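Next come two complexes, and both contain chain A; in the first it sits with chain B, in the second with chain C.
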Partner chain A sequence: MKKDAKRKRDYIYYDFTRSMCRRCGKIIDAQIIFRDGKVFLRSICPQHGASEALIAANIDWYLKVINTRQATDRPGKFSKEISEGCPYDCGLCTWHEKACNLPIISITNVCNLKCPICFTYNRDDPEYFMPVEEFKQVIDWLTASEKSIDLINITGGEPTLHPELFKIIELCRRKEIGRVTLNSNGLKLAEDEDFVKKLAGYGVYVILSFNTFNRDIAKKMHGADVLKKKLDALKNLEKYGVQTTLMNVSVKDLNDKEIGKVIDYALKKDFIRSVTIQNMTYTGFAGGRFTPRKHLPIDEVIDNIVKRSATVADRAHHTIPAKLQNLHKKTRFSPDNSIEHREKRLTHDDFVPLPGSHPLCYSVCYIFRDGDYTFPLKRLFPGDEYYEILGKKYLVHPGENFQRILSDKINEIWARKDSYPESERILKMMKNMIGKLYPTGEHLSPFERQKRAEKFIKIIYIHAYMDEDTFDLSRVNRCSVLVPGIDKTYIPVCTYNLFYREKDKRFRKAGERGIR
Partner chain B sequence: MNLDYEYYKTTRSLCPGCKKILPAKIVFYNDSVYMLKNCKEHGEFFTLIYGDRRKYIEALKISKPALYPLEFFSENFNGCGASCGLCPEHQQHTCLPIIEITDHCNMSCPICLAGNHNGWHMPVEKFKKIVDNLIKAEGSLDMINISGGEPTLHPELLEIVEAANRPEILTVSISTNGKEFLRDKNLLTKLIDRNVFISLQFDGFDDDSNIKLRGEGVLEEKLGILELLEKFSARTSLVMTVMRGVNHKEIGKVVQYFLKKDFIRSLMFQPIVFANPGLEYDVEKVITIPGIAAEIAAGSGGIIRESDIINLPCSHPTCFALTYLLKLDNSTGGEGEYIPIPRLVEVEQYLDTIKNRTAPGLESESYEKIKNNIYSLWSSSGIQPQSGKILHSLKNIMCEIGQCGKDMTPQKLFNVMEKNIKSLFIHHFMDAYNFDFSRVMKCCNQYPLDENRLIPCCIYNNMERKR
Partner chain C sequence: MLLENKTAIITGGTGAIGAKLCEIFSLEGADTAFNYEKSEKKAEKILTVIKENNRQGLAFRCSVLDSAGIEKMIDEVIRKFGRIDILVNNAGITQVLPLPLIEEEDWDRMMAVNVKGMFLVTKEVVRRMIARKSGVILNIGSIAGMRLLEVPVHYAAAKAAVTGFTISLAKELSRYNIRVNAIAPGMLDAGVGTNVPEKQYNEYMKYCTAGRPGKPEEVASFAAFLCSDKAAYINAQNMVVDGGL
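Moving on to the complex of A and B:
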């Protein structure tokens, strides 16, 4: 019998979407394809041909997250009708699917570093500092249009360089706003202890960019010898108890294998609330030029964490023979495959898509923590309760549901102690938590309860922004990380970075063309 | 749109009003799958595209790598829908070309998606060129389908059939309403002599629904045509267009009939397509693959389960679903019984067997697989309650294959398999309401147009066909 002469493609076409061409910036047809066990976005430009970007390292993971049931959380208000079609109608236009979780306001483009990995706008010609009055206008419409805002994120450039920073922070102290988070590269925080003290006084949360404990790698990523400064900044933040998030830009084959160490450090420290890992995004003035361009998808970051982070469950209880204790300590930050160690590490299953966000945009892992004791929340709540706890937003919202879920779980563990590892310790932790969050006879505001809950919960976020290679219209209309403008519009960060920034007059010289 | 749907993903579709390309969302609502899109001029459209959320998700996962054609007739990709074709980005070769040889018709069905003008017949020379080009693109073809209009009205139909009678083409099928067979008694035998497969449009045993779908009560004629087909043992396929609330309750009866009649080798269900401008869109009338599968299962008297009907991994998985039924040995008397093949073999292997093919057992690789499956079945006993019978029928297949021995040609193998296996398909063509570019990109059914253009049927019907 004649052999079939037709050749097989070396990939499987899974889906169709729309993406963009890195070279001409046009919105074009794209395929989601499977090849060699991995998932790629294949963008096909009629003029510039096809190009492929890795979007998931593992097909099974991709299919699992993409098909996870998603919370619906549509915006309460829109400012535009659909006209040119996504992404040209930002925003929010009525095509948008997700309410704001996280408003990001860039108050300057000035920076005291020139990091080669930077993918926010960092050209400071011309210099721009947002006038306080303008900031106020933004906050005014934000608070008028959203019932309640968990947080306002202030970023830059380097926002600590804004001469009127504290006036800006002051403006955010309103009952509708839970907190202010402030991005920083840490230089100012390292050098100016009083500044940190003042931040603490204002209750500001700091998001410190922290990529590595390795001096050489830090040099490569930041373009300057900054490790010592970063460590000093941490010291000051700890000293004044400033609630801190470590923001780790993970670059494949540069610092990505170090993520376990960063997480271990964060888990140990009281002042560190969460770790946000941002997969390197090859866009913007510096990031767009960064080479080599190796996309690091979320599941590969999870893999790095799983392989390299240390114990997350009970350290005190867990039985390592005395003579191995030293060895255990030594290998604390390095891969260790002994059984008891492995079980106590984070696993792939401890991470789930952040509810309401696109699964390729965000993944999240909650870890209970009580003093020295840590336990991944997903293992206690493997079912739907987990999503109830996560809610639809970026931060935990411990309402009455949360109390009920915790109490139910306590009863369950009580009844079936044998089927829970370390049940005594978990019970102690959960009771302690209920006592603090729902104290009898004391009224707590939702924001206050949220803050208390966070003392018991460490969060690892993995956030994969899009660049010209990974841009996907299926993702962006579900974006909850929004840039509010003075004109009462919101623009999702990724469309802002890729389509609107180059038109933002504040940041560009007259007549200058887009950078791509 | 204020419904509390769950967003799934974004794709592209068409406006049913102006046919412009529109962004579209795929969303879940009430455990079904809907498409949501918005035209500046014609407003919002919220249309059912798949009746079962879970099955939709599972179907998408079974996709398999596409085969390249030997030649792309269109060199550049200019955006999907604007470069057919096939262009190099197309994700399947031409599995089943549908050649429309005339726009004459002796009926005027309200649901027709062709839009006939009774003004044109394809010259035989042109048909030959089309076939030449198809062979250039495909090398060989399991089947080509001749359609219309009503192809039996073509004055040179036999010449056309003969032009398709080439070693590279295994089977020719003709899609027909069958009326001409009643008028011209010799036509059918001439076609049978030329080994043509008859695809008869048959929408059920209820004339009320025939009137709604076809504009006339054709049942009596259809029964007469079926009688003829049976009398001459024509290799027959029934094609049933299904509209919910009109004839979907006929599905069970048609399945029963199909199982009873040896001359009917395959049965094809086509959910209603709202392409005819005279046909008003009505979501109550929409039926999708899961809805039809449920009716098949309910009406088959326990022979076919919904899980036996598997989406096709070589087309887009939501375009086609199908099952094959193996005839059990009936030497002990009584009517033939059938068992769905997916229950005999591991599903994975089954998918391998049917991928990129519309009939099983046509290439040596899948032939080997079927043989292996049958052997492994042989060595394990008690898989099914009637396993004694299964063994008998499998043995018969093996004997027939064995007899053919070394000079087994594809044609012979096809005949053997065909006699013992019935196939049941669901093919969900698209209209502008459910049109989805993610599906057309992987289309395996194309119209060969002019000399060398192959265009996915759904692109042609919705974006290019003149009505």
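Moving on to the complex of A and C:
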């Protein structure tokens, strides 16, 4: 009996991977296990014992997404050979499977907030501002290795405080680069209207940190009551038509239930292109100490959205083909069985893993919109063609593949009007979009066409960063969010945060320790 | 010079091909008149180019569908230039749409500008040419109306109509010493070719022996030759300028 008890496990083993120990930082063995309907990463450090972190709240969701078709998109250039093994050969090493979709460049360590949720290692003395020449070296390397880049993300610290920010932005005006996205906490944007106007003039996209409409929660997350500043920033961004992403750090049992409200706000505003929800990551100088310490996996974020977002498809029950409606009825993850509710609001099936990333890192929902007419794009493309539309990159490219799939869909809707009772409206919408994408006698570059296509969609991204508890080398291997360095290297962002940034003298004092 | 002492009228003079036609025709010695619909600035710029080529230039803002306006324009050209030796029917539009999205009004507009407009202007000019028993008419068609290409059907149909119009008109006017030809350009890097969707563009380039899109000046130079006396033995032809497809 005793022997049986020892052999008996309270979990089901599913897979093996490599993780890291929060205490010693060493790479260690780990298991993916199922327990109580949930999925955990169980890391086993020979020195410090086992630990567990939630990586999916629903086994079915996990099994569904983990086997989702992935897009192959190997990097243009590798800098390192494999010698120490992942993640110590970062650079990229020849083992890496994904090209850079989203380069993130920190141009300063200076910030005018001390957010308790900040998950980076960020020393603030002495102040560091990336020299323009250094930035140029990074951009030269990026464009030489990737040829064409949808976007360059500039972050910090707080990058709006960089005294030569516009010289840096100017350097990104190259035919190989589609756009610049600029992270900001919004303080400068709230206070300096001329600055926002200038950003608009440069066509910069702003990624505004926006976590809550509640002042107390704002205080807990940012260390100060910044709600009014955030709202003022939004007002200025809207005034000058700056294309904006709301960056929402979602913390379980704190602001996670507000996500529906944030998405509703974004859907109503023309200048807001997307909402990116990041799960709270318990690492860095501040984030490592933040409480409550409850990991929020992607499927739980989707749950929160599905339960709380407003109507996204007024006539969704008309736009869903009959055969697809049956599919919806069979959905296992739907928390609400009312047909009306399910069809009008976002559903779990409206979200899919981003093919260019690991399925546990990114999930995305595209919402098609033309004026006040909206519906989730997945409902129109329920099969594999949806993954083809999403493509390998962070942003959709309305190129040859997109055109073929769209053309097929137009023909199908037109030929099978009974399955699409709202066909006239959808076809009108398609016609309007095509007219904007292929205007007569007006030359558009692929990037310009991409931006025009985006005017017809709202995007919800869910991005799950990893911390020491959730670190999984199989995810690192397929990371396309990379930090380019001046030494002609690329480092996957979570690896950079957990292994490299703390060694970077620009952001860390020698000998200073983080939370470990 | 190919067109020394000739007078020409070019429709759609501010478009990509139209502007080059005006430039090259005047460079080759023709007094050049043109109509346009939208951009006055472009029209002024083209007039300047014609003048820089030491030829007379005239610009008229009127649609090819406005028959009264066209008549007025032709009268004015005759008054200023004395006669019309050459007509180039260049004005045209396109629209990127698959069949299911082409509505009746799209079809009508495509046919109106590309076919009816050509008919209205030609009829008005031919009246004056017949009286002089001399003239050259050149219609700008498209490879879209000739080959197995994925192009909007209403555009292809309109451009195919240009071919029929050209051939029958050539026969009808031959007894008055009026030649009628057409040019069918392939994919160009300007004008209606500017925003050809990637799929169609790549397919074209795959089979194009030149391996590149054409340039408006390549069409315009050939047009100048076709309208010159050097091409007196060329009639009722649809000449393809497509880079070898």
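By our rule, the second predicted complex is superposed on the first by the 470 of 516 C-alpha atoms of A that agree within 3 Å, B and C clash if a C-alpha of one lies under 4 Å from a C-alpha of the other, contacts with A are read in each partner's own complex, and residues count from 1 in each chain.
Basically, contacts are C-beta pairs under 8 Å (C-beta built on N, C-alpha and C of every residue); 3 or more make two chains touch, one makes a residue touch a chain.
A quick note: this is a predicted structure, and the numbers were derived from the prediction, not measured.
By the touch criterion defined above, A:69 lies against chain B but remains apart from chain C after alignment on the C-alpha atoms of chain A. By the touch criterion defined above, A:441 lies against chain C but remains apart from chain B after alignment on the C-alpha atoms of chain A.
Ranking chain B and chain C by residues of chain A touched puts B first.
With both structures placed on the common chain, the touch criterion links A:411 to chain C but leaves chain B unconnected.
Within the superposed three-chain model, A:399 lies in touch with chain C and out of touch with chain B [touch as defined at top].
Chain A contributes residues 399-400, 403-404, 407, 410-411, 413-415, 427, 430-431, 434-435, 437-444, 446 to its touches with chain C in the complex.
Listed in rising order, the residues of chain C touching chain A in the complex are 15-16, 93-101, 191-192, 194-199, 202. Contact residues of chain B toward chain A in the complex are 4-7, 9-12, 22-23, 25, 38, 40, 57, 60-61, 63-70, 76-80, 89, 91, 93, 138-140, 363-365, 367, 408-410, 436-438, 441-442. Listed in rising order, the residues of chain A touching chain B in the complex are 1-18, 28-29, 31, 44, 46, 50, 63, 66-67, 69-70, 72, 82-83, 85-86, 94-95, 97, 473-474, 477-478.
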